[in-house]
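Below is a structure I'd like to ask you about.
Residue numbering begins at 1 within each chain, and the chains themselves are lettered A, B, C and D in the order written.
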Amino acid sequence: MYQEVILDHYKNPHGHGLRAGDAEVHHVNPTCGDEITLRVRYDGERIADVSYEGQGCSISQASASVLNELLVDRELPEALEIQRTFLELMQSRGQITPDDAMEELLQDAVAFAGVSKYPARVKCALLSWMAWKDATAQALGDEATARGEQS
Amino acid sequence: MYQEVILDHYKNPHGHGLRAGDAEVHHVNPTCGDEITLRVRYDGERIADVSYEGQGCSISQASASVLNELLVDRELPEALEIQRTFLELMQSRGQITPDDAMEELLQDAVAFAGVSKYPARVKCALLSWMAWKDATAQALGDEATARGEQS
Amino acid sequence: MTEGHPVSDVSGLPGLLDTEAIRKDFPILDRTVHEGRPLVYLDNAASSQKPRQVLDALADYYERHHANVHRGVHVLAEEATALYEGARDKVAAFINAPSRDEVVFTKNASESLNLVANMLGLADEPYRVDSGTEIVITEMEHHSNIVPWQLLAQRTGAKLKWFGLTDEGRLDLSRIDEVITERTKIVSFVLVSNVLGTHNPVEAIVRRAQEVGALVLIDASQAAPHMPMDVQSLQADFVAFTGHKMCGPTGIGVLWGRQELLEDLPPFLGGGEMIETVTMSSSTYAPAPHKFEAGTPPIAQAVGLGAAVDYLTAIGMERIAAHERAITGYALERLSRVEGLRIIGPVTPEDRGATISFTLGDIHPHDVGQVLDEQGIAVRVGHHCARPVCLRYGIPATTRASFYLYSTPAEVDALADGLEYVRGFFG
Amino acid sequence: MTEGHPVSDVSGLPGLLDTEAIRKDFPILDRTVHEGRPLVYLDNAASSQKPRQVLDALADYYERHHANVHRGVHVLAEEATALYEGARDKVAAFINAPSRDEVVFTKNASESLNLVANMLGLADEPYRVDSGTEIVITEMEHHSNIVPWQLLAQRTGAKLKWFGLTDEGRLDLSRIDEVITERTKIVSFVLVSNVLGTHNPVEAIVRRAQEVGALVLIDASQAAPHMPMDVQSLQADFVAFTGHKMCGPTGIGVLWGRQELLEDLPPFLGGGEMIETVTMSSSTYAPAPHKFEAGTPPIAQAVGLGAAVDYLTAIGMERIAAHERAITGYALERLSRVEGLRIIGPVTPEDRGATISFTLGDIHPHDVGQVLDEQGIAVRVGHHCARPVCLRYGIPATTRASFYLYSTPAEVDALADGLEYVRGFFG
């Protein structure tokens, strides 16, 4: 489960720290105490920044770093597709082996495929992603997020 | 457990029915619903009568009949000794085999030795005996009964 | 026996299961008692026996997978959690629950029933039971569905009402609109009576309860083991049952409840995994079902119940019901021919389960039971934890024979013959 | 292994049990995980493993003796009752209870603790907890000894107070007279902490509680499995513990209570055998312990717990305690040599149990636990259902290793080596 890629992101996180944003959320995983404070800044529907600070295990930390790397500069619908695909992968209980298309879409995030076999850790990997979605809904309204979902 | 003697007492109970008395008690075995109403009449410390009425299984009915047969006309201390011996036999979980002395004292009541192996039925056999002791305490006062106990 | 229980008809009764094969699964049924008499176990309403498949699941759990569940990151903790939560999936499927999260594991049906009573006493409006409100039960309830409501009524000042019984052993619903009123908060009743065998009509009661906005709790302790259960078609709000009567281990019960209700209602016992977060001064609670499962749950027992559900499902609940109908019909007929025998409850097989209570002349049930036992026949005697039923019919107790998927016509014959012997013995 | 566990000293540690013989009793300890790695099970504070003797007792019960207990007149019902009540005798002897009737079987320690909290909320004076009265616990309690009191405080308006902790992981009793006052109705505290390992001083607390007439409840969940228990010398009013941590099955717990209290206090759950007599409008209750055992009890689980008590007693609780002292001393020393490792709780073996919590640099406990697991080493990570302890020491979670009678010095070595590997991995 601890892929090199994950350890790299853990040791050298991308975009770590809190910067200006349109909305801020604080999410906690009550079962293990992992916490994240996350801000999003939008430029229209383009993600201008995702900044964050938190404490938690390597999985939750690395996952936030990957999220930053993947989503910043994307348009919302595309970001939502990535989020959805990542969620699906994580909930697959190890049943999905990422194909080329998924690898292209998720990039470093495919390294988390192995985590999906550990139910106790799936929530760690999803913590920042849930926080991002929540912050986005606050920044742009539920509607934009829901619209993105259907696309 | 159903000795011939027990069945005889069940089918032809001694002294059944309620007659005049110095005290009356009503005892119930909540676990099986057996009930007895019992009266004692004393002539000094001599048991002039034990009359009773009730509903219940053959064991509780036969035991009341044996009690009547054994105790009527006895002096209290002797009756208490019989009661104590019967109690001991019933609580022996089948461990006591009555010897000659016990047989002489308990007469027909030794037939209940087998019942002591059945915890669920011991209370049935004791119902009338507990009622008698209670009625006696009411009629003569706790003190007489307690004095009898120590003898 | 793993698969395929061909229907046998050696006895000429339609719908019988292949009990010869089934009985091989139950090690205890080979036992003899009282110096070599084969055991005739007719005390299934009190508790059923357990098939090898369930015992194997228990042993395998303890020998290979045991750890405390939830929050563990090691292999055993993950395996134990998967097995425990997998049992929840199985039970949810067995009762056709819309969601697995609606299945709460308790220690027995009594805890399930008490849980609902206590939740309603502590709930906010519109569920709250307090003075000025009413609770409705029936006269044929098991003590476990009477005493919790008496306690709740005492503590809150609510009024306890009940449906009476007809001479035939059925619910008297003739005045249903007076019993269930606008003040009624909860109607709790037994689906199949553990004394009378009566299978109660759900629809009429649920309809009236819904009319007045009362919740409905169904005690399915004597139903879930014996017939297909579908909590959605029952349309109740809660359903309670118990593992040990349906081939499962002791120490496990189930409360099914509608999701919104389980979300809205307050927790009852506190501690362990039922929390979300705890500080010294306050706590928040995990979502249902965990909110209602305080402390280390009956893990192995849930796994065993899951195996029991698999076992019953493989045979088929419809087929088990048909088997019991056939056996019950035969038993009713055989017993009716025993002189002096009076059945307490419905005397024909319609709308009744495989439990038959009776009296035999004026021979006390304890004597009946004991003399049957000496012949190897295990029945239960007494008030069967439903004393008001005995009071209603003016008897101190009954003798009760109750059948299950492994019961045979030959066992019915043994019972009838045994009763003739009892009559002779005390005659 | 049936008898005689000669003390081995191959490792040079005094007081060790012959773990080679003992481990043969525990089938699961032969397991391998993650492709052939031998299991190093160090999660005993969460739940212990079960010896063959206990599994055999369970199987024998179900295969030969099962029936519902009490009130049955047939052979199986009598045997099951004798086994169930026999287990009560064994547990009573194990804790030196003055009377067997003081032993109440519950489903786990959490139910035992909730039972006391609920009884006191419903009790008459002088026991009644209501507004104006106080409840005292400590900051090192398991959630199961926090949440029930929070719920009780909310429902009754009583005030919840607690003893804080020193930096060394011990109770801060310096202001005991201000914490336990004339208004205190109940003091409930843990005998051995499941996070810190701290063994708390009973006498000082009991003395003060008795001075003000408060009841004392001791949570012995982490003590009963590991040391001789004597409820009389503890001088508490109630003692709670749980079967699955002491080689017994899941689904069984114990509440011991002083007889007069159990007689005086009201019942909590209603139904089944807890009654004396029931009519539709009111009931009277059976004497303790049955008053507190509603519904079909965890029969097989009690029998299994009885077998566990026999097993532990045959080895000897004194010797088990000595073994664990030796292992704990060795582990404290070995762990103190792992760079960056900080023990949360007492760092020397005095007055502590065989549970050691720690942090490792700033590597998150989840990562520590997971990488240990990959090496076959099972520890628990998180707040261990005692989140206030983590808050107190300013850490989100700990890694916890906990030992039992089958733990070996080699397993301690595996842990220490494993932690070095974890450091390298994330370093």
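Quick notes on this structure:
Assume a contact is a pair of C-beta atoms (placed from the backbone, for glycine too) under 8 Å apart; a residue touches a chain by one contact, two chains touch by 3 or more.
Because the structure is a prediction, the values reported are computed rather than measured.
With contact taken as defined at the outset, chain B and chain C are each touched by D. Put simply, the chain farthest from chain B by mean CA position is A.
Distance between chain centres (mean CA atoms), chain B to chain D: 47 Å.
The geometric centre of chain A is 81 Å away from that of chain B, both derived from CA atoms. Taking the mean of the C-alpha atoms as each chain's centre, chain C and chain D sit 31 Å apart.
Contact with two or more other chains is made by residues 31-32, 118, 121 of chain A.
Chain C has residues 71-73, 77, 275, 277, 366, 370, 381-382, 387 in contact with two or more other chains.
Interfaces, counted as pairs of touching chains, are A-C, A-D, B-C, B-D, C-D. Residues of chain A that touch chain D in their complex: 1-2, 7, 10, 31-35, 55-59, 118, 121, 124. Residue ranges of chain D in contact with chain C, taken from their complex: 27-28, 31, 33-34, 39, 41, 43, 46-47, 49-50, 55, 58-59, 62-68, 71-77, 107-111, 113-114, 122, 139, 142-148, 150-151, 155, 160, 162, 242, 244, 249-253, 267, 269-275, 277-283, 294-301, 366, 369-370, 372-373, 377-382, 385, 387-388, 391.
On the side of chain C, the complex with chain B involves touching residues 363-367, 370-371, 381-383, 387, 390, 396-397, 425-426.
The residues of chain D lying in touch with chain B in their complex are 70-73, 77-78, 81-82, 275-277, 286. Residues of chain A touching chain C in their complex: 28, 30-32, 118-121.
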